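Think of it as A, B, C, D, E and F in the order they're written, each chain with its own count starting at 1.
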Amino acid sequence: MAERILCFGELLIRLAAPGRERLLQSPRLEVCIGGAEANVAVSLAGFGHEAAMLSVVADNALGHAAIGELRRHGVDTRLVDVAPGRMGLYFLETGAVQRPSSVLYDRADSAFARAGADRYDWSKALAGASWLHLSGVTPALGVAGAQAALAAATAARASGVRVCFDGNFRAKLWQQWGGDPGSILRELMAQTDLIFADHRDIAVALGGEIFAEPFHASLSQAATRAFDAFPHLQRLVCTQREQRDVDHHVLSAWSFHRDGTRGHAAPRELAGIVDRIGAGDAFAAGFLHGLCSGMDDARSLDFALAAACLKHSIPGDFNPVSVEEVEALLGGGGFHVRR
Amino acid sequence: MAERILCFGELLIRLAAPGRERLLQSPRLEVCIGGAEANVAVSLAGFGHEAAMLSVVADNALGHAAIGELRRHGVDTRLVDVAPGRMGLYFLETGAVQRPSSVLYDRADSAFARAGADRYDWSKALAGASWLHLSGVTPALGVAGAQAALAAATAARASGVRVCFDGNFRAKLWQQWGGDPGSILRELMAQTDLIFADHRDIAVALGGEIFAEPFHASLSQAATRAFDAFPHLQRLVCTQREQRDVDHHVLSAWSFHRDGTRGHAAPRELAGIVDRIGAGDAFAAGFLHGLCSGMDDARSLDFALAAACLKHSIPGDFNPVSVEEVEALLGGGGFHVRR
Amino acid sequence: MAERILCFGELLIRLAAPGRERLLQSPRLEVCIGGAEANVAVSLAGFGHEAAMLSVVADNALGHAAIGELRRHGVDTRLVDVAPGRMGLYFLETGAVQRPSSVLYDRADSAFARAGADRYDWSKALAGASWLHLSGVTPALGVAGAQAALAAATAARASGVRVCFDGNFRAKLWQQWGGDPGSILRELMAQTDLIFADHRDIAVALGGEIFAEPFHASLSQAATRAFDAFPHLQRLVCTQREQRDVDHHVLSAWSFHRDGTRGHAAPRELAGIVDRIGAGDAFAAGFLHGLCSGMDDARSLDFALAAACLKHSIPGDFNPVSVEEVEALLGGGGFHVRR
Amino acid sequence: MAERILCFGELLIRLAAPGRERLLQSPRLEVCIGGAEANVAVSLAGFGHEAAMLSVVADNALGHAAIGELRRHGVDTRLVDVAPGRMGLYFLETGAVQRPSSVLYDRADSAFARAGADRYDWSKALAGASWLHLSGVTPALGVAGAQAALAAATAARASGVRVCFDGNFRAKLWQQWGGDPGSILRELMAQTDLIFADHRDIAVALGGEIFAEPFHASLSQAATRAFDAFPHLQRLVCTQREQRDVDHHVLSAWSFHRDGTRGHAAPRELAGIVDRIGAGDAFAAGFLHGLCSGMDDARSLDFALAAACLKHSIPGDFNPVSVEEVEALLGGGGFHVRR
Amino acid sequence: MAERILCFGELLIRLAAPGRERLLQSPRLEVCIGGAEANVAVSLAGFGHEAAMLSVVADNALGHAAIGELRRHGVDTRLVDVAPGRMGLYFLETGAVQRPSSVLYDRADSAFARAGADRYDWSKALAGASWLHLSGVTPALGVAGAQAALAAATAARASGVRVCFDGNFRAKLWQQWGGDPGSILRELMAQTDLIFADHRDIAVALGGEIFAEPFHASLSQAATRAFDAFPHLQRLVCTQREQRDVDHHVLSAWSFHRDGTRGHAAPRELAGIVDRIGAGDAFAAGFLHGLCSGMDDARSLDFALAAACLKHSIPGDFNPVSVEEVEALLGGGGFHVRR
Amino acid sequence: MAERILCFGELLIRLAAPGRERLLQSPRLEVCIGGAEANVAVSLAGFGHEAAMLSVVADNALGHAAIGELRRHGVDTRLVDVAPGRMGLYFLETGAVQRPSSVLYDRADSAFARAGADRYDWSKALAGASWLHLSGVTPALGVAGAQAALAAATAARASGVRVCFDGNFRAKLWQQWGGDPGSILRELMAQTDLIFADHRDIAVALGGEIFAEPFHASLSQAATRAFDAFPHLQRLVCTQREQRDVDHHVLSAWSFHRDGTRGHAAPRELAGIVDRIGAGDAFAAGFLHGLCSGMDDARSLDFALAAACLKHSIPGDFNPVSVEEVEALLGGGGFHVRR
C-alpha cells in the first residue's frame, strides 16, 4: 500500500535554546533539521511510504548534515542537490507557562531560495510519484521560489501526480520581496487535489474576508469558495487549535470534501507540551498516509489528528512515530508504560 | 525502631533517553541503577532502616557500579556477590502528553538470572532480618530464578523472618521460558505475610477471573481468596492509578487485612510527572516502613502513598526521600520553597 | 521616561541541581547570579531604566563573575565594590509535582554581610537616583547589614530619593544573630514611600497579629496600620499566591494607596512552572517600572503581575523580559509561536 | 570510478563514558554505532563509493537506530534485515596518559550472532558488487557466524566478486564457543584477494610461529607463507603502531604484493589522540578506496595511512572524512585553520 | 595608565561543534561571541583599559546577546548600534592531531556589512580615545565596509587619535565583491601608527613579492617597505607560528620600529592547544596594552606573546586574562596549581 | 593482607569549571568530593583495604552527599558524624598549555574546622586500625583542627596504631589564624612512623633551611634531620615533579629509610594530563598499600608512583583504580585497548 510521495521545499537548520531558556541565555544551542515539507517527508517515511525530497541545499557541512538527517529517517534524498550559498536557519526559543515560543528566521538568500524553476528536472523528480506535496512557504521566499512552486504543481498536474498543498501563510516573507500572495497562491491552489488550510489562507488566495461562527462555519464557507474556484480540489482539511496556555492546547480537526461531506476529529487535550513545532506537518502527513493507505476520510482525519498529537511530545521538528504508535493512541490503549 | 530488611532480586542498569527524546534521538543515554527490590532497599535505607541487598551482579565495571550506587544510598551490599556474565539492562524512553513511556528490556541471561538457589547462603543472608522482600520478577526470569525465589521465601518462613512479596507480574518474561506462573506464584505467596498486588496478580496465582466494580470490589474479592489460600498472609495492599495522560495521574491506595478491615488512602493528583518508574517500589517501601515503625495500617498506607507520590517528582528508579519529607507532605505543609 | 533606580543588596551565586534532580543526584550544578535586589535591578534595566547596583562582592573569580553577569544585563555596576572574603552562595533543588523546591543557604560571613554602613559613599551612590530599592534581606544579615540598610534609607530620604522596600522576611537569618526585626524594620519602613509586603511582614514590624478573611482583608488592615505608622509611605503592594501543587500556582496582586483606594490584578493561572525563584522581585520591578513610566496604580499592578507571571517561565533568578513582552501578555495576544 | 562494495558483519551499539571518565563515573553514556565492517562501509561511502551493508539487527529501537545511522552516512542499508533478539553492545572507557582504554563487550547472543548462512540471499546481496569485505570478528562469534562468513566468501569467489578480509583476531570470542580459528580462518583466507593482517593473524591461520626482527621482517615472512597458502591472495597489508603512551602513537603501514614488491608508508606521529577505535577499519577502507580508484599500491597505502591518522582525531567508531581531506593531509598543506 | 581604545569592527556569533566532533556530528553547538576587533576590546578591558566598541548589530536576540557579552567583559558598548538585518555567523569545527580546524562563514549581508561610513558619528566615537583599532576584515566585507574603515582611519588621524591596524587578510572575502585590496589597504595603512601584519599582508598592500629567508628577513624587508610607504607608521609587529600538528605549535614574535630597531620574543612551545582562534587578537591587544602602559617595545612584545600563549588554553574567541596572569607567565613562576 | 586504615580529615566539595573553561565562563560546575585524607581512603578501599574515614560534615544535603560518595567507593563512613554548619568548598579551574590550574578555597568555618579534639572518640575510632593517616591540612585549619590532629596522633601512638602523615603544607591557611606551624607540625611529626613530605615541609617543622643539589640531596638532608628529630619515624617518602607545561609533567619518587637505605622510582612522563589534583594522595595511598601488603620499600615506591601516574588520567580528586590496573602499568603491558 506504500506510495511514493515527492516533497518539494526547503531544508532548514533549527538552532534552539536548551529547555526553556531564553535564546543564548546559556552558551548552547540544540540543532535539528526542519522545514515544513521535509517534516512531512520524514513522517511519511516513518509510516512506511517511499517519501522523496526535492530540494537544494548549501554545499557545505550544514547542507550535507541536513541531507544525512533526512536519510537517517529513511527519506529518499537522491533528488536533493547541492549548490553554493548558505543554508536557511531559524533560531527557536521555546516558551512556557504564559511566555510564547519565538522563532527568529535567518533564511534569506539561501541556496534553496535562490534556486528557480529551471534548477529542477520535473519529469525525473515526479517519476513514480503518486503525490506531490508542497507548501505556501516556498512561493513566499521570492520570485524564484514562487516560479519553482508553480512549475512543480503544474508539472505534477500534467503528469497525473496529485498535488497536496499546505497553506503555511507567512505574511512577513511575502512582504520582504513584495510578492502578491493572492495571485500566486490562487494559481497554485488551482493545481491542487488536497489543501491543508483554514479560512484565512483561502481568503488570501481568493480575496475578501471569510468569517463565521463557530470556527468550522468559517471553514465551511472557505471550503465552498475553494471548491468553486479550484476545479481539481477534492478536500480541504485543517486543525483547530485552542491554546489554554503555552504548554496546554486542545486540538481538533476538520475535513471538507467536494461531495459536501464534512469530517470532524474530536478534540484532544494536550497538556505538558514538549514541542509543538511541526505539528501541522505531522497532521498533513497523517492525512496523506490515510489517503495513501486506503482509509476513508473520517479515519484519515482521526489518524492525522492522533499523529499531530504525538508530535507535541517529541523534541524537534520531525515526528518520528510509527503507524503502530498512532494506531495505539487511536485504539485508546491508555498511557501505561510499554514494556 | 529501625529493622533489618533483606531485599532479594536483580540489579538492573537503566539507560534512558534524555528528557523526552525518543530512544537514541540524540547520541546520549542517562544511566541509573534500578531493579524492583533494589528500589525498595534504597527507600528503606533512606527511611533509616538497615536495608540489605542479596543479589549477584556481573563481575565487571557495570556490576561494580551497581553495587557502588546501592552503597551510596546506604544499602548494605555485603551480600551482593559477583559472577562472570552480563548485567541485565533496560532502555527507557520517557513519554509525554499522549505518548506513553516505553521500556526495552535487554536482561536475558544475566549473571543474576543464571544464579540458582544454591548460589546463596540463606541462613547467613537472613540472619538478623525481620523481613524478606522479593517480587514476582525474580521467579519470572527462568528456572533458576524461580527456584531461588522459592528457596528464599521458604528459608525465611523457616527462620521466622516475615516475607513480603510484590506481584510485579510480567507475562512476557514467563512466556520466554515457558514457566507456569500460577503454580510458582501460588507456592511463593503461600509463604508470605504481606503481598503488594491487585486482583489480576491474585487471579494469576489462584486461577479463574476476579472482577467486580468498582476497582476496590475486585481487590476485596482478591483479598478474600488470597487470605483463604495463603495461611500466613496478613495483608494485601495495592495502589489504584488513573491516568489522565502520560504526565498526569491520580493515585490512591487500598489495604486489606486478614481481620477483614480495609484501608483507603485518598487520591492524590500528580500533574507534571517527572518519572514514574519505581513508584510501586516506593509505595511498597513506604508501607513496609510503616509496619517496621509501628504505624497502624491506615497511617502506613497514607505514608506509602505519599512516598509513592514523591517518587513521581524524581528522575531515576530510586526514591531518595527522607521520612521527614514524606511526613511534610502528609502534614499538608504546602508547596512553598523550603528555605 | 527612564529613571535611575539604585538597588542596594547582596549578590548571590546560585548553584542549582539540573532539571528536577535532587541536589548532587548527578555531579553537576547549574550556576546563575541572584539576590533579591539584583533581580530587581536586572528587570528594571531590561525595562529600559538606568538601574544601578550598590553592593560589595568578594574579590575573586566568583565576585567578578557576579559583576559581569549584572553588566551583561545592562545594570550599572560601577558602584559594586570588591573586598576580601567570600561570596554568599545558595544551593537550589527545584521540586516537582508534590515535592517542594528547597534552598540551602551558605551565605554567612560573606563580603557583603561584613560590610557596614561606612563602607558606602551614600551621596555618591544616590546621586541622580529617583528611587532607592532595598529589601528585608539586608538588615537580616547582621548588625553590619542592618546599619547599612538603615543608613541607605535615611540617606535616600534626606536626599529626596524615594525609598522602595521589599519585606522578604527571613526569620532564620534574624535568629542567627539575635537581631530584633521589629524595631529595625519599623525604623526602615518609616523611611519608605513604597512597600512590597503582606500583613505578616507588617505585623513583624508593628507588632501584634493581623488576620482577617479573605486574604485581602488582612492586607487591608495591614495597609491601614502601615499608613498610620509610616508617614512617608504611599503604597503597600503585594501578590497573593495559591499553590495547587509545586508546578501549578494561581497568582494575583493587590495594591493599597494612602488615599484609601485599592487595586486588584485578577488571578493568572500558572501551570507547568519552570522556575519561580525571583518572581517576587520581578513583580516589584514591574510595579516600579509602572510608577517610573507614569502608569496609574491599576496599570502598574497589572504590569507587575504580568511580569511576575513571565518570570515563572524562565530558568534562573533574573527575569530578562522586555516591556513589549509584558505588554503582549497584557494585551491578550495569545500563546501562538511568535515568528 | 565509484564501485559497489558489500560489507558483511555485525552492527554494534557503542556506549562510552564521557571524556576521560571511568565507566559510569558520572551517570551518562555517549552512544554511537560501530562494528568493524560497518566502519569500513561508512568510510567507503564517505569516499564516494556505493557501500552496502549486509547484516541483521534486532527489531527494536536500537536496531532501527543502527540502520538509520548507517543510512545517515550514505551506506546502502537495504540488505540489513531485522530479527527478534538483542543488539550487540560494547561499553568503552577511553583512557589517557598511561591508563589504557578499555572495552567491555556485551555482544553474546545478538540477533546477528544467531543468524546463520541460510539467513542471507548471497546472490542478491553480491549482485553488482566488485568487492566483499568481511573480518575475523564474524567467524569468531560462533558456529552460525563462522558458517555465514565462509558462505559469504565462497559465494563471492564463485560470483567473481573479490574478497577482502580484515584479520581482527579476537582470541576471547573464539574461546567462548570453542571454535578452531586456524581451520576456519584458513578456509576463509583461501577465498581472499586482499588481507589486512599482521604475522600473528597469519600464524593463527597457518600454524607455527612467525617472528623476525624488525617488525616488517615478520610481515614479510607472513606474506610469503600467505601467498603460498592462499592462491587467490594478491596483497597483505597492515599498519605498524608504536605507542608512546595512551594518547601518543606513531603509525606507519606496510603492503606486500604477490609479485614480491613491498610498500611502506612512512611513520606519522599522532599526539593528542581523540579516539583510536576504528582506526584499523579506516585504514582498510582507505586502501580499498585506493584500489577501487585506480591508485597504485604505494599511493593506496599512503592514502590508507592518512585516512587512519584522521580517524584518531574524531570521536566515535566512524571516520567521516572526505577524499579531499585525506588528500589535503597527504599534500602536506599544514595545519592552519581552514577558512 | 589606562587609556581609551576604540575598536571598530563586526561582532560575530560563533557556533562550534563540541569538543573535537565534526560539525553537527552530534546535535549541539556551543556559542560564543567573537570578531577580530571585539576580541581585542575584550582583552584590553581585561587589562584594565577603557575599551569601547564601535559597531552595528542586528536588532534581534542574537545582536542583543552579542552586546551583552561584550558588556559582561567590561567593554563599553554604548557605541554599538542596532539595525534591521542579520548577524554575521561562523561555524567552527575544532580539529585535532592531524585534522585541521575548519571555519564555515555565514556572514554575508550582515547588519554590520551593510553599514556604510555615514552610519557612524566619528567625532563622537573617537572622543577621548588614544587609539583606534581596526582590522583588514572590515574593508574586505564590501564597499560599505571599505568606506567605513577608511572613514574611521581618516577621522582618527584627523583627530590625533593613533591608528592601529591588524592585517587579517582574507582573500575570499575580497573576491566575493571584487574589491581591490591593494589600493584600499594601502590607503588605510597610510593612516596607521601601528600595523600587525606579516610580509604577505604588506605585499598585498604595496604590490610585488616579499620573500627572504629566514622568516624574519621577509618581515624586515616588509617593514622597510612599509615605513617608506606609510609616513605615520612607527611599528610593524607580528607573530611567527610553526605548527608541529594541529594541537602543538611553537609561537614567537617580532617587532620592527621605524628607528630601525628590531625586537624578538623567544619561541614558546604550545602543546595540547585548547582553542587557537583569537590568538592573533590576543597578541595585538597585549602589544597595545604594553604601549598604553608605558612598556618599551621589547617588554610589550614579550607581554603580547605571553598573552597570545594564554589564549591557546581558553575556549572561545576571547582571551579573558588579567595583567597579573600574563605577568606570572612572563615571570616564569611555573605551572603549579595556584591555590 | 587487607588492613584497616583510619583516615582523619576534612571532606570537601569540589566545584570545577567544565573542561578547560575559566571559572563561570559558562554557567555550569562539575561537582566531586575530595579532601586529602578522603582521597587516600578511597584509594585504599579500591586497593582492597578496610579504609575508614573519621570526619565531621555539615548536616545538610551537601554533607550527606559527601558521605554517600565515600560510601560508594567502599570507604567505611560510620565514623563520619554530622553537625550544624557548612561544608568546606573549593572551586577549581583546570588550566592548560601554559595557564596553570587555579583553586579558590571557600572552606573557612566549616563544620569540620569547628570540630575540636573532644568531638571524637579516639579509642572507638582507632579500634582495629593498623594505621592512622592524617595530613598537614587539618592542623592548618585553626586551633580546633590543630588540637584534633595532635590528639589523633597521640591517641594512635598510645594505642599502637602506626601514624602516617602527609605534609601538605599550606602557608595561607596557617597565616589566617596565626598558628605556628613549626611547633605544631614538630609535635605531630614526633608521633609519626611515616611521613610524605619534601625538604621544605621538614624545614618548616624543624626550622632553618634545607637545600642541596640535586633535589634528592635536599631530601636526603631532610630525612637525616627528620630521623634525628622524630624517634618513631621510619620512612620519609616523596615525589619529585618536573613540569614541562601545565599538561605535561615528569614524575619520579624517592624514599628514605631510617636504616639509611634510599629508594628511587624512575621518572614517568605524563603527557596530556587530565586532572592532577589528588595525585599526591594517590601516591601516599599507593605506598601505604605497599607497606600493608608486605611489599618491600622499593616495590612500594614503584607501586605508589604508578598509582599516582594513573591518577593524572582520571577526572576528580579520587583515584578509583584497582591493584590490577597499577600492576599492569608496572608490568609494562603497554597501552593497547583492553578488550
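Please note the rule applied: a residue touches a chain if its C-beta (ideal position, glycine included) is under 8 Å from a C-beta of that chain, and two chains touch if they have at least 3 such contacts.
This structure is a prediction, so every number in the text was calculated from the model and none was measured.
**Student:** Test of understanding: which option in C-D, A-F or B-C shares over half of the contact pairs of A-B, residue numbers taken as the match?
**Tutor:** B-C
**Student:** Count the touching C-beta pairs: is A-F or A-E ahead?
**Tutor:** By the number of C-beta pairs in contact, the winner is A-E.
**Student:** In whole angstrom, how far does the Cα centroid of chain B sit from the Cα centroid of chain D?
**Tutor:** 45
**Student:** How many Å are there between the centre of chain C and the centre of chain E, using C-alpha atoms for each centre?
**Tutor:** About 42 Å separates the centre of chain C from that of chain E.
**Student:** Where in chain B do residues touch at least two different other chains?
**Tutor:** Within chain B, the residues that touch at least two other chains are 22, 27-28, 102, 271-272.
**Student:** Chain D touches which residues of chain A in the complex?
**Tutor:** 68-69, 71-74
**Student:** Show which residues of chain F lie in contact with chain C when the two form their complex.
**Tutor:** Where chain F meets chain C, its residues are 15, 22-24, 27-32, 60-62, 65, 86-87, 89, 91, 93, 102, 104, 106, 108-109.
**Student:** Write out the stretch or stretches of chain D touching chain F in their complex.
**Tutor:** 19-22, 25, 95-103, 105, 170, 172, 243-248, 271-272, 276-277
**Student:** Under the touch definition given earlier, write down the residues of chain D that touch chain E in their complex.
**Tutor:** Those residues of chain D that touch chain E are 19, 268-274, 306, 309-310, 312-316, 320-321, 325, 328-329, 333-339.
**Student:** For the complex, which residues does chain E have touching chain B?
**Tutor:** 26-28
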